[in-house]
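There are two complexes below, and they share subunit A, which is joined by subunit B in the first and by subunit C in the second.
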Partner chain A sequence: MNTLEEVGEFTQIFDALMSLMRKFLFRVLCVGPIPTNISFIMDGNRRFAKKHNLKGLDAGHRAGFISVKYILQYCKEIGVPYVTLYAFGMDNFKRGPEEVKCVMDLMLEKVELAIHQAVSGNLKGVRIIFAGDLNSLNERFRAAAQKLMELTEENRDLIVVVCVAYSTNLEIVHAVRKSCVKKCKNGDGAVVLEVSDVEGCMYTSAVPDPDLVIRTGGGDRLSNFMTWQTSRSLLHRTEALWPELGLWHLVWAILKFQRMQDCLQKKKKLD
Partner chain B sequence: MLSLRVRPPTSFDFRRFNAGYLERQWRLSRDCFLSFSPKVEENRGVRFGVKSSKSEVSFTAAEEEETLPEELQPELMPKHVAIIMDGNGRWAKNRGLQPWDGHRAGVEALKEIVKLCGKWGIQVLTVFAFSTDNWIRPRIEIDFLFSLFERSLKSEFQNLAENNVRISIIGDSSKLPKSLLRVINEIEEVTKNNTRLQLIVAVGYSGKYDVLQACRGIAQRVKDGEIEVEEIDERLIEEELETNCTEFPYPDLLIRTSGELRVSNFLLWQLAYTELFFAQELWPDFGRSGFIEALTSFQQRQRRFGGRKS
Partner chain C sequence: MDSNQSMRLLSSWIGQIGDLGLNLLWRFIHIVVSLWYIVSGISEAIESYAISLGLNKKYSSIDLEKLRCLAVVVDIEAVQDVAKVVELLQWLTTIGVKQVGLFDSQGLLKKSKDLILETVPGSMLLEEIGKDFSPDGKRIALEFISSSDNKEAVMKAANILLQRYLKSSHPENDQGENFFTESHLNEALGVVGENVHVPDLLLVYGPIRSHLGFPAWRLRYTEIVHMGTLKYMRYGSLLKAIHKFTGVHQNYGT
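Right, the complex of A and B next:
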């Protein structure tokens, strides 16, 4: 008779218990150094859909979005200040037009959902930044992305960089163009570009370089994702597909990062 | 990115290393560096070594053939392999040797890999010999490294020329000793028309430096009015990079030894879709078997370059 309420209560108790256990686990994890910026290459959505016989071109990507929410929640609880997500690369436009449209529509739907949550105060300290060549995307997405960035600009608890229409090579081209325009105005002497000039004009200039890159789906490559920024990052890959990525994968990756921290610090001092 | 692969720790087992080293030295002494007809080569082994002529290690006939091992398929061989030769110092430390002994062992390992690349149809091999980060090492080690490099180039000059290998050096050469620069220029000039294998040695190199120098060149051309800002694109930057010395500037496979899971500022732009392989062995221990494992792993991968495999 009271089944639904009992189930609801049971779920709440279970969630509270899980949350308490996570808190304890993260307290232990935080004894060691935590990466400042974790970046995720979210590979394996379509294989996940195929594995579980999910219908629809965007089924895998919808499952992937659920994974995004959990991972962001865990990162926030751990206290990771920055998270970067590789949502859609410039080379992904090579996929079938139907799939590209599906993914774009899904992203627009989620961005609009995030806008509602931001307006109603439910985004809880999360700032969202879109990095990439937004001019190559449709007008509606561009406008929604801009609005979401403005609404969440003041939030500081967790800064999420979502890379859309992104590729490092294009990012460097864009940065060179911008820094050329700046530098070529000054005087008649030789133009000397410095690393700081190029880095200052990159899409991801607002956030520090990733300390840890996690690639799901078993692939062992960077796929034109932040190859400049990840030159000294720890590269961790897992066979789990992106929608399967869970708490333990994240904890394992951070433990690995902590183990290799000494070497990483020495290399960083060289810059 | 390698953690799933568990290999026996060859670098810690003295006897295993000894056997592997003996086998390498024996092969080197009966099959000269990069030559395809047997010739005796002077043994340049490590100090703690070993005279190879009386090795008890069996030498299988398969290793002498020029054909690929059966695990590898010729149509799936990478055109360009890049290697970060990490672990010489640790290898020497594990044996209670000086760092320069590790580097000497590293050169022997490199010779073996170059030979295999030439035999197995790999067109370009890029090796990360000395990074901009390595300038902080003790002066004595840096001087040794450059003199070892100079001696190796001089001693292998003839072999490279005869075996149709082209050598190119990339990186910031402004801090290299003049004598080394002279040898480099000479060997680049003499081997520039060779076609069998191109060996690119990155000395004083960093990926960011490479991209930056390309961007500086482009920025100066914009300033001089040669090109417009809007004309700057990926192709233009690619043409200015130091890897413009080769027809295949993008590595298909990057191998890093010694278990480090990092790219360490090597070939930044060019690594966009390169398959990465991280080997646990230290570089002097990474021989033929490690190379075959890396190539096998490469051949099993699905490369999509952002698209979809239908």
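Right, the complex of A and C next:
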């Protein structure tokens, strides 16, 4: 057996061992309560690219996609039912047109790859939902996103909401508009809007409110992300840039969530 | 039959021992995490006292130009202690903060509004001052906010827009784009008496880092800092949080 084959075999054994240890760690973590919906504000891709001298406008975002894959895998293994990803905000459209195009092209590339995986049965029970003003995106992306949502509609192991062309203010305005127009069309008796009418029309209405929001990149703000839905969420921040977010960051955030459970439950009961 | 029963009993015992082992390991991990938080808390307390004593020159003067509006979220259990809230406001006045929004989800601070305004020197209600008036010297404008200013307020504003839409003449397949925009909702919120200004900094006094239902419409790019419980609040930590905010650079998504 030559050196390359030995190294390959060693890597396989090492990977298998790491996977076993990770599953054991998750088994221990699951003794306590696990968040139903974890939201991620994925900040820091550009700083990561600058830090590591990566060339190309999308270099940091490509590194960020690798992180997305791992985090979704870990969440699925832990048994988190819903994950929400803040992928592209409405304010991000104010970036340079070249950068916006680069990011959109990269997202389209990943969506098309996911379609291919869904068709070949490799998406392993993951349902993808796109939330946001999809009409403001180019037709090709819209069509691809729609196709991916249809292909994965029946999957239930992990539901991933990808917020694209999203902002809380836009979501609230859209929900108010849609629910008002709906009320007018139904129009029987007194026409009064309730909170449930508006919440039913929100972009993220398909999933429960997040229990845990993790923001990477060291920022202390929500950046116009789900401020309506996060009244009772634990907001966790980490200095790690999004492409640096790994297993231990996620475990630490969940441990913090478990520590705060009594307080979080008390707050929910007050509603 | 007996051997099957014995096997089932044995696997049940092994399962229970396994679960007990996992449980103990989970509790041990949480003990380690708690110890980490205790050590971290002690370190923060020491740093805070050093800042309060003026040992760190970095915090001796703070440029508050960026901090036009500060919001404070107080956890429901801490709100009972109005004296602590008054002390916090006095600290903020000393630091030079001019405008503070005080939020608690149940509106208990709103009920104690008169007591707070009487006890905090130089304080006045934000809604009673004109738009062009800026508090000078050791004066501070206060706003009292609760959960009724969050979703309920948006619903009141939405219903105003709905009534306008109903009274207007519009085509049957109209989707309301001309009646329901961000500026329309802002205006309607103003009609129902809501302040739509976005606070620059939100300090959370409570056991967990959560905005606890602060008006969602106003939280867009607000920096949210967890200060710990109100009972153990420290002047040095407050100075540090405000100083850190003045150094933050936001790109607002660009």
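Operating definition for what follows: the second predicted complex is superposed on the first by the 262 of 271 C-alpha atoms of A that agree within 3 Å, B and C clash if a C-alpha of one lies under 4 Å from a C-alpha of the other, contacts with A are read in each partner's own complex, and residues count from 1 in each chain.
Here is the rule we use: a contact is a pair of C-beta atoms (placed from the backbone, for glycine too) under 8 Å apart; a residue touches a chain by one contact, two chains touch by 3 or more.
Bear in mind that the values here come from a model prediction, so they are computed numbers and not experimental data.
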Fit-or-clash call for subunit B and subunit C when the two complexes are aligned on subunit A: clash
Subunit B versus subunit C as contact partner of A:Thr216, first or second or both or neither: neither
First (subunit B), second (subunit C), both or neither touched by A:Glu239: first
Subunit B versus subunit C as contact partner of A:Thr84, first or second or both or neither: neither
First, second, both or neither for A:Leu29, with subunit B first and subunit C second: second
Which superposed partner A:Arg259 touches (first subunit B, second subunit C, both, neither): second
Which superposed partner A:Ser67 touches (first subunit B, second subunit C, both, neither): neither
Touched partner set for A:Thr152, first subunit B, second subunit C, both or neither: neither
Against subunit C, colliding segment of subunit B, chosen among 21-29, 39-47 or 219-227: 219-227
Common ground on subunit A, meaning residues reached by subunit C in one complex and by subunit B in the other: 89-92, 94-95, 167-170, 172-173, 176-177, 179-181, 183-184, 191-195, 198, 220-224, 227-228, 230-237, 256, 260, 263, 267, 270
Contacting residues of subunit A [partner subunit B, same complex]: 46, 89-96, 99, 167-170, 172-173, 176-177, 179-181, 183-184, 190-195, 198, 215, 219-224, 227-228, 230-237, 239, 256, 260, 263, 267, 270
Residues of subunit B defined as touching subunit A within the complex: 1, 3-4, 133, 136, 207-208, 211-212, 215-216, 218-220, 222-223, 229-230, 232-234, 237, 260-266, 268-269, 271-278, 301, 305-308
Complex contact set, residues of subunit C against subunit A: 22-23, 25-26, 29-30, 33-34, 37, 76, 105-106, 150-152, 154-155, 158-159, 161-162, 165-166, 174-177, 179-182, 185, 206-213, 216-217, 219-226, 248, 250, 252-254
Contacting residues of subunit A [partner subunit C, same complex]: 27-29, 31-32, 89-92, 94-95, 167-170, 172-173, 176-177, 179-181, 183-184, 191-195, 198, 220-224, 227-228, 230-237, 255-256, 258-260, 263-264, 267, 270
